[in-house]
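I am attaching a structure below and will ask some questions about it afterwards.
Chain lettering (A, B, C and D) follows the sequence in which the chains are written, and residue indices restart at 1 in each chain.
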Amino acid sequence: MPERIITMSEALNEAMFNEMKKNSDIILLGENVSSSFRGPTKGLKDAFGRERVRDAPISETSFIGAGIGAAITGLRPIVELMLVDFGLVAMDQILNQMGKTTYMSGGAVKIPITLRAVIGAGTSSGATHSESLYSLFAHMPGIKVVLPSTPYDAKGLLTSSIRENCPKVFLEHRLLYNVKGNVPKEEYTIPLGVANTCNEGNDVTIVASGLMLHESLKAAEKIKNKVSVEVIDPRTIYPLDEETILKSLQKTGRLIVVDEDYRYCGFSAEIAALAAEKAFKQLKGPIYRLATPNTPFPFNPRLERELLPNAEKIEKLIQKVIGE
Amino acid sequence: MPERIITMSEALNEAMFNEMKKNSDIILLGENVSSSFRGPTKGLKDAFGRERVRDAPISETSFIGAGIGAAITGLRPIVELMLVDFGLVAMDQILNQMGKTTYMSGGAVKIPITLRAVIGAGTSSGATHSESLYSLFAHMPGIKVVLPSTPYDAKGLLTSSIRENCPKVFLEHRLLYNVKGNVPKEEYTIPLGVANTCNEGNDVTIVASGLMLHESLKAAEKIKNKVSVEVIDPRTIYPLDEETILKSLQKTGRLIVVDEDYRYCGFSAEIAALAAEKAFKQLKGPIYRLATPNTPFPFNPRLERELLPNAEKIEKLIQKVIGE
Amino acid sequence: MLVNDKFLGITSYLMSKIVLDNDKFLELYRVMIRIRTYETTLRTLSREGKIPARFGMYTGQEGVATGVSAHLKKDDQIGSTHRPVGHLIAKGINLDKLTAELCGKATGFNKGKAGSYHIFDPETGCLGANGIVGASVPMCAGYALRNQIKNDGRVTVSYFGEGGSNQGGIQETLNLAACWNLPIVFICENSSPVVQRMLGHEMDYPQLTIDNVSIRAAGYGMPGSTHDGWDVEEVYRVAGEAINRARSGKGPTLLEFKVHQFEGNLEGRLEANEKDKPFCPIDVLEHKLRIRQILKKDTEEKIRLEELELVQKAVKFALSSPEPDIKEAYTDVFGGAF
Amino acid sequence: MLVNDKFLGITSYLMSKIVLDNDKFLELYRVMIRIRTYETTLRTLSREGKIPARFGMYTGQEGVATGVSAHLKKDDQIGSTHRPVGHLIAKGINLDKLTAELCGKATGFNKGKAGSYHIFDPETGCLGANGIVGASVPMCAGYALRNQIKNDGRVTVSYFGEGGSNQGGIQETLNLAACWNLPIVFICENSSPVVQRMLGHEMDYPQLTIDNVSIRAAGYGMPGSTHDGWDVEEVYRVAGEAINRARSGKGPTLLEFKVHQFEGNLEGRLEANEKDKPFCPIDVLEHKLRIRQILKKDTEEKIRLEELELVQKAVKFALSSPEPDIKEAYTDVFGGAF
């Protein structure tokens, strides 16, 4: 198979295009989704018409709710949130209605919706335009939370998400849209709930997703002559592929969790708690979390960098862990 | 001092009454707060007038936002959310505006607001009327999260909350309103961020708050001839009194976290992660979490009981932990 | 008609315009009796501890759901509130499974996991009671969106209260429905026709500064009007116009019906509301039917008896039904294999 | 005046009613020049990478904030949007600290932690730009609530866009303000006077089905009206009435001003919008001033020069200011000792 190098943004576009072409029940709702200027949704309006690719007013509660309702009645909506932070105005629809209705109805209704949202810090966008929020979605019941880190995964995971019959929050890190990678032209899926071991190693396990996967891989590469680092990308924040992580810990006995989300009661805590319960006997030392402290994101770029994990900080932490 | 036995509901009422009497900048906003039928706010309208004790329409975004604005301009609002679940319609005001504005403003404004909300499962109220949500508030930056478990603590913690100059979410478990206890008539405060060791013990540490504290104490009592259980009530979910917990672990080396909130990425995970990092050397075995699984609350009472931690389940887990 | 003469008494309506033929009249009467009988029975069940939690009652509002649903087909969808029983029954929901659900039984529509606040029965288009004020309304826009895209003539009716009318999500959805020209009818049941109340408590500040919520329709460029919810004939007439409008692709309408809640309060009643009595939709209809000589004593008794039997059968079904299997606590989170 | 003649050209306004005396006229002119000069300079700074992130520009809307703030005292509060610079400058904010904040410097109002989207300056009552559409509006109700309780005659002005007008929180707050009779004026700047746009993109479905957002005021029982935002004299006149109304305890008003955004789009322009040019509020005002012989060439030049110097001084201040200390990343989370 010849390589085909495209961006994550193009990979996402391709997944939506293919699925929408095959299944006319798939619709796309959101603010400015008809615009020809936005990578992931570019061209979809022209291809599928304004009925199916539909601009919504700036009222997230109403159009996310409409997506949920459409899903309940048999459509398969993709709903776009311009930035995940804006979803806070619509949390009842997302967490109560989208996440719980299938359970509350005793399975009488299904909600095959994919709520896509841009996430991520690192662009000086300040406290209300930089969050990740995946821990929050994962904490609440009934929602699968997907976070691709490569163009290949993005296409495969989005295809799976659109096809699954449950609510998904699909998160796209703004700093990864232009990252390039090999993406086969044909359709393929990556199942939700299956991690990817991106780097094999024996001394320490790092669990990291999204942009933090890239930072972790950089750190692993830099330190590889001294320490053999295993890097695992969960790819879905929930459900979690516990097995892959626990298996790795059997080998390494050491765990670092790198996480762009807030540390306190966050995804990094969950991974640590998992290991402290189910891999306790294999652990050779303390479990460390490198996550964003519980502080809003500052506008100033230097202050923002201070708070975020990065390759350098990861490398230092690896050294510390190995030294103990 | 003679004993004075009152309910938690009366203790909360007393705290608000005393503070409002002393400080005319304290106002109370919310749905039906003028009603004479609701324990914690009973009589406040009659004592302080409708200007300061003000009924709001069913529009949580607007009146919580108004509380935030009033706090920014120097008032000290207590805002009541009828049930914490209803706060999901107002999460932007709570998490973005209330939690972050002080930081974003570089300290130029302070937000001395107390957002009181009823929480808790166990009354067959179903998936949208039974949540705790404290992990969610604690995960997000800028909010102190308070959860009293006794009438004594309720009065002292609410008094402190009203007086502190930052945003607080103050959570009141519906099944604790009628619990009685000794409460001094005079004013007193309990500082936020200080745990309470409710039962001393040597074999295993249990961390539990709210209703779960009571279940844990019951379990500890029942098993006390076999196992010596130390039970710690953090009292504030955030900031956390790490020291008290870590000190206890030095003694016991074993940790169980009991938590009514959802398990995944929840408060129980945070406590486990804390111990796995900072008390690793003292740990004698795996850390266990007994929390609500990531499942919405069912209406049927038996199904609901199945999901919730209780004294019996805690006792079993203590036995398992000690046996290992 | 706009309820400006609400203090003038109600006899003026009784002989006004005749909209309904005799059979239809009796059909509506039967539905209203069914709802009333059902809720009366529920109150007993509830007092006996057979229903695990409190919930909102529709008693006094029967005219609205009945007059509206008379125009709805099985496939049309409704979205309801924390006071859903009337809406559901008028839409034709099965009483056995409804009662079983309210009692938390395995044979309920939702295996006893929903309770009153979240009943879903896709079969009859009952797509959601909702425990969060206003939350079913955005979802209703989604049902209507499906209808528009599938273009099969289905319509959606979205119920909410005058208290709910202030929720942001409802106001957003009114706009969305207008922008997308959705086939939907919004029904605001205004239970504060005289004094503004919330959960039965009289409010110290108003929650609305307008008499008629329907005037907000103009702010979304859609038709809106206010009517007497205790006059099922009037409800039938105006709901028919709005539903036809939606069905023929002309877009959304906001209808407001004034109602008097007789036993509706979740937190217990504050006052007897004797004053509300004259606004009982069943009394009003019976009066009309008698004056027009449509309802004979024996027909009335027959209907009441038949409905009571139906309800008693439902109660028996519910009470003799099994509890859900304990492992149901863990199923249906994602609606399939996890 | 209602903008029904918006396609008839604008010369009709020029000689209409004379509201302002000459000095006030020149004062307003100066403020508008200040905003325009400032934003023009910001664009350069931004292109040079001196401002860490993109943000919304007020260019073309200067008439609104200027006409409104002419009635506000220092202690009155405003709440702003993602397009805050005009509102802040009109309210009298210090340009040095404003620029420093936009550049993320320690000397900014908020130590470089706010950036454009969240600037707060309690000193001048600038209580919040806001990056979340509509989010400052509920908080403004809180400022007004404080004013009402303290009863010291302060008023609050709450700005939002026509896109924002659909947000639930804004619609809820209109109702709350009416119910509580708050001393507040809501200002909707409608930047889609001709074609409906969002972030500069023309929309394929409308986001509003009404021409004038102000008609929603009736749904909250408050006065509302729509006016030409490019005519500062008109803005001054109607804002004065609404602000006086609020100040004298008569409650809230919703004013809508149509505006043409010249460079306002966060995501880059789609069209040149040559058609918007005649609606430049500064051109309109200059025209008026010249016709009325108030503005001489030399006065104009003097004002422009003085304002340019002020702006350049601010830029120099900002650029020569230090970055915040790195430990500021961790301070101010709770506004005191943790």
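The criterion applied here is as follows: a contact is a pair of C-beta atoms (placed from the backbone, for glycine too) under 8 Å apart; a residue touches a chain by one contact, two chains touch by 3 or more.
Being a predicted model, the structure only gives us computed values, none of them experimental.
Contact count check for B-C and A-C (C-beta pairs in contact): higher for A-C.
Taking each chain's centre as the mean of its CA atoms, C is the chain most distant from chain A. The distance from the centre of chain A to the centre of chain B, each centre being the mean of the chain's C-alpha atoms, comes to 30 Å.
Mean C-alpha position of chain C lies 45 Å from that of chain D.
One simple way to say how far apart two chains are is to compare their mean CA positions; for chain B and chain C this gives 37 Å. Here the spacing of chain A and chain C, counted between their Cα centres, is 41 Å. Under the contact definition stated at the top, the residues of chain D that touch 2 or more other chains are 111-114, 118, 130, 132, 135, 166-169, 172, 175, 179-180, 205, 207-208, 328, 333. Multi-chain contact residues, meaning those touching two or more other chains, occur in chain B at positions 54, 56-57, 59, 61-62, 85, 88-89, 92, 96, 103-104, 126-128, 141-142, 294-296, 298-299. The residues of chain D lying in touch with chain C in their complex are 166-169, 171-172, 175, 178-180, 205-210, 215-216, 218-222.
The part of chain D that touches chain B in the complex is made up of residues 77, 79, 108-114, 118, 120-122, 127-128, 130, 132, 135, 137-149, 168-169, 172-173, 175-176, 179-180, 328, 331-336, 338. In the complex of the two chains, the chain A residues touching chain C come out as 27, 51-52, 54, 56-57, 59, 61-75, 77, 89, 92-93, 96-97, 100-111, 141-142, 144, 165-167, 239. Touching chain B in their complex are the following residues of chain A: 61, 85, 88-89, 91-92, 95-96, 99-100, 103-104, 126-128, 135-136, 138-142, 238, 262, 264-270, 272-273, 275-278, 280-281, 283, 285-289, 294-296, 298-299. Interface residues of chain C facing chain B in the complex, by the touch rule stated above, are 52-53, 104-105, 111-115, 117-118, 130-135, 163-164, 166-169, 198-199, 201, 203-205, 207-208, 267-268, 270, 323-324, 326, 328-330, 333.
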